[in-house]
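Presented below is the structure to which this report refers.
Which chain is which? They are A, B, C and D, in the order written, and residues in each are numbered from 1.
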Amino acid sequence: MIDDAVRFKGIYTPNLVPLDAAGAIDEAELRRYTDWLIAKGVHGLYPNGSTGEFTRFSVEERRRIVEIMADQTAGRVPILAGAAEANVRETLRACEYYAGLGVRAVAIVSPFYYKLGPESVYAYFKEIGDNTPVDVTLYNIPMFASPIDAPTVARLANESPRIVAIKDSSGDLPNMMRMIDAVRPQRPDFSFLTGWDPAIMPMLLMGADGGTNAVSGIAPELTRTLYDSVMDGRLDDARQQQYTVLRVFDALFNGADFPEGFRLALRARGFEPGRGRQPLSVKERESHGPIASRIEALLGELGFASE
Amino acid sequence: MIDDAVRFKGIYTPNLVPLDAAGAIDEAELRRYTDWLIAKGVHGLYPNGSTGEFTRFSVEERRRIVEIMADQTAGRVPILAGAAEANVRETLRACEYYAGLGVRAVAIVSPFYYKLGPESVYAYFKEIGDNTPVDVTLYNIPMFASPIDAPTVARLANESPRIVAIKDSSGDLPNMMRMIDAVRPQRPDFSFLTGWDPAIMPMLLMGADGGTNAVSGIAPELTRTLYDSVMDGRLDDARQQQYTVLRVFDALFNGADFPEGFRLALRARGFEPGRGRQPLSVKERESHGPIASRIEALLGELGFASE
Amino acid sequence: MIDDAVRFKGIYTPNLVPLDAAGAIDEAELRRYTDWLIAKGVHGLYPNGSTGEFTRFSVEERRRIVEIMADQTAGRVPILAGAAEANVRETLRACEYYAGLGVRAVAIVSPFYYKLGPESVYAYFKEIGDNTPVDVTLYNIPMFASPIDAPTVARLANESPRIVAIKDSSGDLPNMMRMIDAVRPQRPDFSFLTGWDPAIMPMLLMGADGGTNAVSGIAPELTRTLYDSVMDGRLDDARQQQYTVLRVFDALFNGADFPEGFRLALRARGFEPGRGRQPLSVKERESHGPIASRIEALLGELGFASE
Amino acid sequence: MIDDAVRFKGIYTPNLVPLDAAGAIDEAELRRYTDWLIAKGVHGLYPNGSTGEFTRFSVEERRRIVEIMADQTAGRVPILAGAAEANVRETLRACEYYAGLGVRAVAIVSPFYYKLGPESVYAYFKEIGDNTPVDVTLYNIPMFASPIDAPTVARLANESPRIVAIKDSSGDLPNMMRMIDAVRPQRPDFSFLTGWDPAIMPMLLMGADGGTNAVSGIAPELTRTLYDSVMDGRLDDARQQQYTVLRVFDALFNGADFPEGFRLALRARGFEPGRGRQPLSVKERESHGPIASRIEALLGELGFASE
C-alpha cells in the first residue's frame, strides 16, 4: 500500500540550528550535524521547521540556513524547506529562493498568531499553490497555528497540483485517516507525513507515508530502524521501537519548554547547539542540569552515545 | 502479543436502551437486541455506558437494565456493567448488586460534573478498589469526566488488585501506550480497552486488548471482523475495515448530539429504540430525517440491513 | 437601574451541607448554619447548588436538604432550590415537590455529562418551562455543564413565562451583557444573577440583579456589605470590598479541589461540615492543614471570626 | 482613584494600516486616518498592534508605519509602538529605533507560535526590560500568544523599572484585578490597560487606567465619550455607551476572521483600507457584502457617518 514511487516517503528530520557564542548561526557545526544525520540514514532534511525555531530567525537567516544545508547535502538526500514568511508575497519569494537551491519541496505552516477559519486557510494556500515554482507541503500544527481541516486539505489537493503533501503534527490519527480517505482516490501522488513522533508506527500502518520527526534529529538510528521495521512487516520489532521513541520523546518534552529538551539532547549526542535565542531564567537554567542528565542516561541506555 | 488468557479481550458493546411509548424501558426490545448482539458475535456486553445514557436513568432503572440483560444473556457472553452512582457508598452498593447478577466486572466512570485533580481521582477509585466485591474497570472519558492520567492508572494498578482494566475513550494513542508501558510489567493481567472506535486497529496493534465500541451496537459484524482481522494478522483487510468503522462512526456522530445518531441507526437495523429522554427541538426533529436517510444508505451500502 | 421590584435581587447563598460522622446529613448543624446565614443578612438561600455538592447526594437526600432548610427558614428569606435530576420527568417531580415546600423558585443546571448543543439545551428547558408548577432559574455553568448561550436564553425568556432568571457562573461579563441586552426589553421581570464571586460589583454595575455566590456562605457579612455599597453608589467602598471578595475567593479555590476549601473555611467560621463524600488521598489530607491555616488567617485578618 | 498623573491613561487606538492597489502601505491615507483619529479625541495611537496586523508586514514596513505616524502626529498625542520582532535582539533594535522617533513607549507581545511557560515569558521580558532604551508595555493576549500570568507581571514590575504598563486583551476582569492587587502597592506608576473593548467601563471602575481598543479606530467618538463618562462618574450614561461599544464590537467580529470586519468598517467611515494581505476566498468575499451593510447600518444608526 505505501509502496508508491511517486510519493514523498520516509522520515525527514526537522533540525535544530547550532548557534555560536555570539548567537549567530554556527555554520561549521550545522554542516557537521547535516553530515551526521545523512550518515545515520535519515531519508530527508527539514530545515526551518518548528524544532528549527524558524520564528526566532530573521528572513535572511532562514535563507542562509537552507543554503548551508543544501550546499552540504549536495543532493545526497532531498530537502523539505520551511518557507513561511510574513505574508503570501514574502512566502512566494522564499519559495523561489529555495527552488533555486534545488530543494525537493517547501513546507508552509498555516497562518499563525491570528486564528483563521477554514475559508481563510484555504485562500492562503490556494494563492500560494497557484503561484509557487516548487512543490508545497501543507503544515498542520493546530497547537501553534490555524488548523487545516480535512475538507480543506481535500479541496486544496483537488485544485492545486503543486500542493503535494501534508505534514500533520496534531497526532490525531482518525483525522489523518479522514484526510487520506478524502484525498488519496483523486490524488494518489499526495503524501501524508506525521509530525507526531509517538505515533509513527500506527500512522504508517493506517496509510501514512512517513514523517517529519524531531526525535530523528537526536536518535536518527532509532526512527530509521522503526520505519524499516514497519515497512518490512516486522511488527513486534516495530512496536518495541515505537515504545522507545515514545520514551525518548517524553524525555525531550518534559520539564522544559519546547525545543529546549532537544537542545540538551543534541549536546548529549556530541554536537554543540549553543544557547538558544529564547532567554532562560535562572530557575530554568538550574532545572536543565537534571533534565540533561536524565536525557543523557536514557540515550546512553539505548546505545546512542556522544559522537 | 495480545494472546494472554488472563486479560479481558475483545469488543464489548455499550448498548442503547430501547424505550416504550411511555418512556419506560422496553424490556422485550432490550431482550431482542441483546440476543441479536450476541448472535452477531460481540465478545461482551456493556450496559450503563455513555451510549447507554446511564445518567438519564434512575438508580432503580440502571439496576433493572443490567438485570434484564444478565437474565437474557444467561452467561453466553461476559457483562461489564456500568456502576457509577452519586458517591462511593452508592457506587459500592451498585457493585454488590451487579456482583450478585454474575457480571464479569463493573466499569466506573471517573467523577464527573466537578473536574477533579489526579489525587482526588486516585482517592475515589482507591476507596472503591479496596471495598468492591467485583472486578473494576476504570473508565476514562476526559471529554465528559475528570481525566484519569497515566500515573494514576499505574498507582491504582499497583495498589488495587481488584482494579483489572481501563476503558479509555480519549482516543489518545500515545497516552494509551504510556499507560500500557507503566502498568503491564507489574500487572500482566491488567487489560486496556479503547472506547475510541476510529482507532481500534492501531490501538490493538500497539498493545491494547480490545474495546468498548458504540459502533458495535449498530454494526457488530463489522467490529467483530475488524478484531478478527487484526488478531489474524491480515492487516490489509483490517485497515480497510477500520476505515469503514471510521465512516460509520462519523455518520453516527455528525449532525446530532450524541447518542441521537445511534438511536437513528438502531432503527435502521430493525430495532425500535423509541424516543430518547433528552427532549428534541422541532428543528432537531426535522434534521433527523435526512441524517437517518444518510445513515440508512451507508449501512445498506455496507450490507448491514434491517433485521 | 436595578431598583425593579418585580425581579429577583440580592445575594443568594449556595450552602454546603454539613455531614455527621456517619456521612449522613447533619440536620442540627444545617439548621444552625441556616439560621446564621439569615442572621448575617443573606438575601436568600440556594440549597443543592454546585457548592452544595448536589450530584453527591441521592434523590431523597436532595429533597431532605431543601425540606430542612425550608422548615428552618420559615419564610424569613426566599429559597432558590436546585432541582436538576436525571431527566426532565424526574426534574419536574422535584419541581413539584419543592413548590409544595414553598420555595421562591427552582434553579436547574443545564444538562451535564453529555455536552449538548444549543438546540438540545433549548428543548430541555422548554419542556421544563412548559410544565413546571414553580418559577425556574436557568443555571449556566459552562465549566461543568452544557453552555446556555445568549440566543438560547433570549428564546426561552420569550417563550416561557415561568422561566424568570438566569444564574450565570461563567464570569463572562460581556456575555452577561449580551444576555441582558437580548432579554430585558421583552422581559423586564427576568433576573440576571452572577455566580462568579470575583465579579459581583462589575456585574451589578453593568445591569445584573444579584448573585448566587459561594463566598457568601463563608463571609455573608462581606458580600452583603458589597451589595449594599454598590446599591448605595459608594463605589470606592464597593471596590475595596470586591477586592476583598476576590482575595477570599482565591484562598478558597487555590490548592484544593472545589469545594474542599469551602469546607475548611466553614470550619473556620465555627461550623462542623464533617468529611465530604469525595474521598481524599493522604497527600490531600496533609495539604489541607496549611490551606486551612491560610484561610483561617485571612478570615481572622478580615474580622470574620469563628462563631 | 484613577487620577494619577504618572500613569498612562486613556484610550489608545490600535490602527489598521491602509494599503494601496499594489498592496503597499498607503502613506497618504494612513496620514489622513491618523489626523482623523486625533481630531476625534483618541488619547494616543498604537501602531503595530494586532488590529494593525503587525505579523503580516516586514521588519522594514513595521518601522515605516511608526515613522509615518510619528511624523504625522508631531507630538499631538503619545504613541505606543508595537515592537515585537523575531527575537530579543531584533526586538531591542526596534525599541531603539522607535525611541529615536520619540514614541511614549513600546508594546511588546509575549512570545507567540511556541507556547511558553511563565519562566520563559519572564526571562524574555526581563532581558528586554534590562536593555531597552524606552519604556515597555507588556502585551498579554492569551488567545494568540503565550499568557503572561499575574505573578509574572508582579515579578517583572518589581524588577524592571522600564516596564511601566500591561495591556491585557484577555478580557478576564478578575485576573486584571489580581494583577492590579499584586503590582500597584509597589509600583503606583504602573499602568493597566484593557484591550477587551466590551469591558472598558467595568475595567476602569475596578481600577484599570485605560485601554487599547480596536473599536476606537472605527468609532473614536464613542470610546472617548465612554471614557469621559466613567471618569466623570456618570454611570448611567457610561453603561449605555458600554452596551453600544459591545454592539459595535460584536458587529465587527461576527462573520469574518479578525480584523476583516474592522477593514469593512473603516471603509464605512470614509477611509480606503484597500485589500488586506491575508487572501480571501470567493465565499468570504461574497459574505463581506452583507457584513459591510450591517456594519454600515449600525454605524449610521449610531450617528457615525462616512467622512
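FYI, a residue touches a chain if its C-beta (ideal position, glycine included) is under 8 Å from a C-beta of that chain, and two chains touch if they have at least 3 such contacts.
All figures in this text were calculated on a predicted structure; none of them were measured in a lab.
A.B. asks: By label order, what chains touch chain B and chain C together?
C.D. replies: Common contact partners of chain B and chain C, which must touch each of the two, are absent.
A.B. asks: Hey, which chain ends up farthest from chain C, C-alpha centres compared?
C.D. replies: A
A.B. asks: If you list every residue number at the chain C and chain D contact, are more than half found on both copies (same) or fewer than half (different)?
C.D. replies: At the contact between chain C and chain D, which are copies of one sequence, the residues are largely the same (over half shared).
A.B. asks: Please identify which of C-D, A-B or A-D repeats the interface of B-C; the criterion is that more than half of the contact pairs agree.
C.D. replies: Within C-D, A-B or A-D, the interface duplicating B-C belongs to A-D.
A.B. asks: Averaging over Cα atoms per chain, report the distance between chain A and chain D in Å.
C.D. replies: For chain A versus chain D, the centre distance works out to 35 Å.
A.B. asks: So how far apart, in whole Å, are chain A and chain C when each is placed at the average of its C-alpha atoms?
C.D. replies: For chain A versus chain C, the centre distance works out to 50 Å.
A.B. asks: Could you list which residues of chain D touch at least two other chains?
C.D. replies: Nothing qualifies.
A.B. asks: Go ahead and list every pair of chains that touch.
C.D. replies: Inter-chain contacts occur between A-B, A-D, B-C, C-D.
A.B. asks: Hey, which residues of chain C end up touching chain B in the complex?
C.D. replies: 23, 50, 55-59, 86-90, 111-117, 119-120, 122-124, 126-127, 143-145, 257-258, 277-281, 283-284
A.B. asks: For a test of understanding, state which residues of chain B touch chain A in their complex under the given definition.
C.D. replies: It comes out as residues 1, 171, 173-174, 177-178, 181, 196, 198-199, 201-202, 205-207, 235-236, 239, 242-243, 246-247, 250.
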